[in-house]
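The structures considered in this document are given below.
Next come two complexes built around chain A: one with chain B, the other with chain C.
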Partner chain A sequence: MSIQATNIRKQFGAFTALDGVNLNVPSGKLVGLLGPSGSGKTTLLRIIAGLEHADPGSGRIQFHGEDVTNVPAGKRKVGFVFQHYALFRHMTVMENIAFGLKVRPRRERPMASDITDRVHRLLKLVQLEGLDQRFPNQLSGGQRQRVALARALAVEPKVLLLDEPFGALDAKVRKDLRRWLRRFHEEIHLTTIFVTHDQEEALEISDEVVIMNQAKVEQVGTPQEVYDRPASPFVYQFLGNVNVLRAQVLAHGGAHTPRPATLEANGQVYVRPHDIEVVHDEPGAAGLPAIVRYIHAAGSVARLTLEQAQSREAVEVEISRTELAILGLKPDHLVRLRLRQGHSFPEDYTI
Partner chain B sequence: MSRTQSQRSVLPGFGLSLGFTLAYLGLIVLVPLAAAFLKTAGMTWAEFVAAVTSDRVMASYRLSFLASLAAGMVNVVFGLIVTWVLVRYSFPGKRIIDALVDLPFALPTAVAGIALTQIYAKNGWVGHWLEGKLGVKVAYTEIGVFVALTFIGLPFVVRTLQPVLEELEPELEEAAASLGANRLQTIFRIILPELTPALLTGFALAFARALGEYGSVVFISGNMPMRTEIIPLLIITKLEQYDYRGATAIAVVMLMTSFTLLLVINLLQKWSRRYHRI
Partner chain C sequence: MAAIVSRSLATPPPSAHAAPRATQDPQWVRWTLTAVALVFLTFFLVLPLAAVFTEAFRHGVKAYFASLQDPDALASVRLTLLTAVIVVPANVLFGIAAAWCIAKFHFRGKSMLITLIDLPFAVSPVISGLIYVLVFGLQGWLGPWLDEHDLKVIFAVPGIVLATTFVTFPFVARELIPLMQSQGTDEEYAAITLGANGWQTFWRVTLPNIKWGLLYGVILCNARAMGEFGAVSVVSGHIRGETNTIPLHVEILYNEYNSVGAFAVASLLAFLAIVTLVLKSVVEWRHAQSRAT
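So, the complex of A and B:
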């Protein structure tokens, strides 16, 4: 089921959480809602779920073309998973998952044996078989999150909404669980929106990423699109490390870029650390002169911190460790930097 | 919580603190209680039974325990509502209401007793209306005792419940709502079970306080033998007649009963928190 949010506004006192936001989620997609804290992403998710309401007079929420703006949360057929799980502590895993079915009016309620069957199927789906009689306090964080997911799925939602689903987990479990979520999505193809402030997470598992900043949507696109063609300096900076170089300096230094046309006279150029090539400073070599300051070679790539020879500004560069070995770089070496690709934005664009 | 010798804690001193706890409790609580038991030991069994089962004493046991139980239960219900309002809503004067809750703690009980009697007496503000319109007599009846006990017990429930309710995540209610539960289902299946341990503790405290209450009750009850005499009053009466053994005998029975009841409530409370074990 597709989700459409049109012109959603939400004000908390003097704070604007959402300023005329539009969102369109195609049916069956896994969409990551990405942004820094306070950007309004959780508020938008809660408004879609019906846990919060947009300001009167602002836009609508539609599920598959049907207006649900005034439908209460419990009737929207939405599965919502909270960051801190919100499991019912006094109920076993089994009772937690069955809750949504047991509170139905008698004539819509499945038979007790059907409920038990469905809970067991869900437990199998989230790989928690045999834990049905445990209490939430007896489970690990990752297990609790999966119980919360099973509980949300038990009511057969048309839409799954996850609010920072992995936010409270440690790094390793986070990684495992988000890959699991991706595989899981492949299996059930439920329209899913998840909120995260972790760009790596959003880029890794979403079909589409929605980047929000200061109550507005900055850009929507596939992970590759938003990473390769960021629509604004904010997106550029938010989606990974970036060097901001002055176009003027580049022109002087003769740094080679493939898209010189985009450079404004006084503008700035945004360059990813891995889009910079390092060459030895030989006579006649083109490129921005820089001095190697630090070399961090722990990890899959080598990270270099350099200082521009003229402006003394720092530049971060990532090269492969093989390349580092071939170049034989040491701190204080003078090198030249060449840009493989860079972006510039009009000057008056504030971040 | 059990701990073995081999475990090393960052805060050592288990032996010392346990020793202190036992010595302190012994000195402050157990020695005076033991004295009460010793005093009764001077009586023969027949004397003891006669002292604690006389009609007048039995009537006062009944009144004290029933009125305290009823007051505790009423306080659980209304304390829950008061706490809910104080925790969940903000409104002008909230701080003042919050402070008002503690008044029964601070007020000398005799003042409370006199004030309640004044209000509920035949010509009092509330009493004349209750008696005139509804024909309900409050002052100088069992109902009066119950009113006084309810008054002094309220803060125990509210103050026990308040921190627990403040900690209760609003997400639980939202989760229930998004799963399709209506408000009543959310209250009875989610919120109340989460609050039960705190409610039981609050009830136990209010009940125990009501059993021992003297000052506020003696004014409003009228102290009619067989009808509105509470146990503490009976004990004082015996003491005034220099019947020390009779007084302590009643006290011993009351102690044992209270202790048993509190123990049962504690076990219930532990059971209601069973999901906390890891």
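So, the complex of A and C:
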């Protein structure tokens, strides 16, 4: 089932959480809602779920073309997973998952044996068989998260909404669980929106990423689109490390500047650390002169911190460790930097 | 600092079963503090309690039970129980409602409401009683109207119930507000997204989470409702066999130099206090258990 949010506004006192946000999630997609804290992403998710209401006079929420703006949360057929799981602490895993079925009116409520069957099927689906009699505080964070997911799925929602689903987990479990969620999504194909402030997470598992900043949507696209063609300096900086170089300096240094047509007089060029090539400073060599300051070689790539020879500003560069070995770089070496690619935005558009 | 370090090095490492040490104070300091506390408790708490029972049984078991079976004494017990039966459920309802709206919703005047709930703790009980006399008494605001319709509030049971309700209403609310605030609203929201209505959310999610705190508040509220003297004394009128609660009856008997009678009836309250303390400890223990597991 597709989800449309049109012109959603939400004000908390003087703070604007959402400022005319539009969102369109196609049926069956896994969409990551990405942004720094305070950007309004969780508020948007809660409004879609019906846990909060958009300001009067602002837009609508539609599920599959049907207006649900005034439908209460319990009737929207939404599965919601909370950041801190919100499991019922006095109920067992079994009772937690069965809750949504047991609170149904008598006419719609499945028989007790059917409920038990369904709980066991869900436990199998989330790979927690045999834990049905445990209480939430006897489970690990990752297990609780999956119980919360099973509980949300038990009521057969049409839409799944996850609020920072991996936010409270440690790094290793986070990685495992997000890959598991991706595979899981491929199995059940339920329209899913998840909120995260972790760009790596959003880029890894989403079909589509929605980047939010300061109550607005900055860009929507596939992970590759938003990474390769960021629509604004904010998106560029938010999606990874970036060097901001002044275009004039580059031109003087003889370094190749990209997209000169859009470059304004005082424009800045945004370059990812891995899009910079390092060459030896030989006579006649083109490129921005810089001095090597630090070399961090612990990891899959080598990270160099350099200082521009003229402006003294720092530049971060990532090269492979093989390349580092071939160049034989040491601190205080003078080198030249060339840009493989970069982006520029008009000056008044900077953050 | 050096002294602490050297001492902690000198003491053998605590075994795995040893309780964690809060301080490194020398033995004599610990013993002295403990002894002071025990002596204080003996003089101010244990001795009076013992005195109540000794005095009550001074003329033997027979005299003790005879004074309990006095019709006025029985009437005071009945009135106290009646008051508690009305007041405690009323304050449970009020306390849950107030804690629910304070902990789960944002609204204007919230801190004002919290302050108002504390008012009965801040005001002397005698003043609380007087307020009701001024409002409902014959010379008060509503007095003439009540008199016309032949309704008695002051110097009658309704006045006693009102005064007791006022004095005891913070107990349940005060107990629940911090508890519900610390639990937040996520579980309720989860229940709502799963299709539960407000009633189901309350009975199946909120109430089980607060039950030990609630019980604790109920026990304290009940103890105070049965033991309240000041506020009830002002509104009761001290009519024997009609408007005397247990504490008021004890005072009357004592003023009449009937010390066996006074202490016998007082022993009921003392007994209630002990039962309350035991229940309170049990509930606290269970509450801690339910949090720990």
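By our rule, the second predicted complex is superposed on the first by the 345 of 351 C-alpha atoms of A that agree within 3 Å, B and C clash if a C-alpha of one lies under 4 Å from a C-alpha of the other, contacts with A are read in each partner's own complex, and residues count from 1 in each chain.
Assume a residue touches a chain if its C-beta (ideal position, glycine included) is under 8 Å from a C-beta of that chain, and two chains touch if they have at least 3 such contacts.
It should be emphasised that the depicted structure is a prediction, and the values quoted were computed from it without experimental measurement.
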Fit or clash - chain C, chain B, common chain A: clash
Touching partner for A:71 - first (chain B), second (chain C), both, neither: neither
Chain B versus chain C as contact partner of A:244, first or second or both or neither: neither
Which of chain B and chain C A:173 touches, first, second, both or neither: neither
Contacts of A:291 with chain B and chain C, given as first, second, both or neither: neither
When the two complexes are fitted on chain A, the stretch of chain C hitting chain B, from 5-13, 23-31 or 221-229: 221-229
Residues of chain A contacting chain B in one complex and chain C in the other: 49-51, 72-75, 78-80, 82, 84, 86, 88-90, 99-100, 103-104, 135, 137, 151-152, 154-155
Residues on chain B engaged by chain A in the complex (per definition of touch): 169, 171-172, 174-182, 185, 189-190, 193-194, 275-278
Of chain C, residues touching chain A in the complex: 186-187, 189-197, 200, 204-205, 208-209, 290, 293
Residue ranges of chain A in contact with chain C within the complex: 49-51, 72-75, 78-80, 82, 84, 86-90, 99-100, 103-104, 135, 137, 148, 151-152, 154-155
Contacting residues of chain A [partner chain B, same complex]: 49-51, 72-76, 78-80, 82, 84, 86, 88-91, 99-100, 103-104, 135-138, 151-152, 154-155
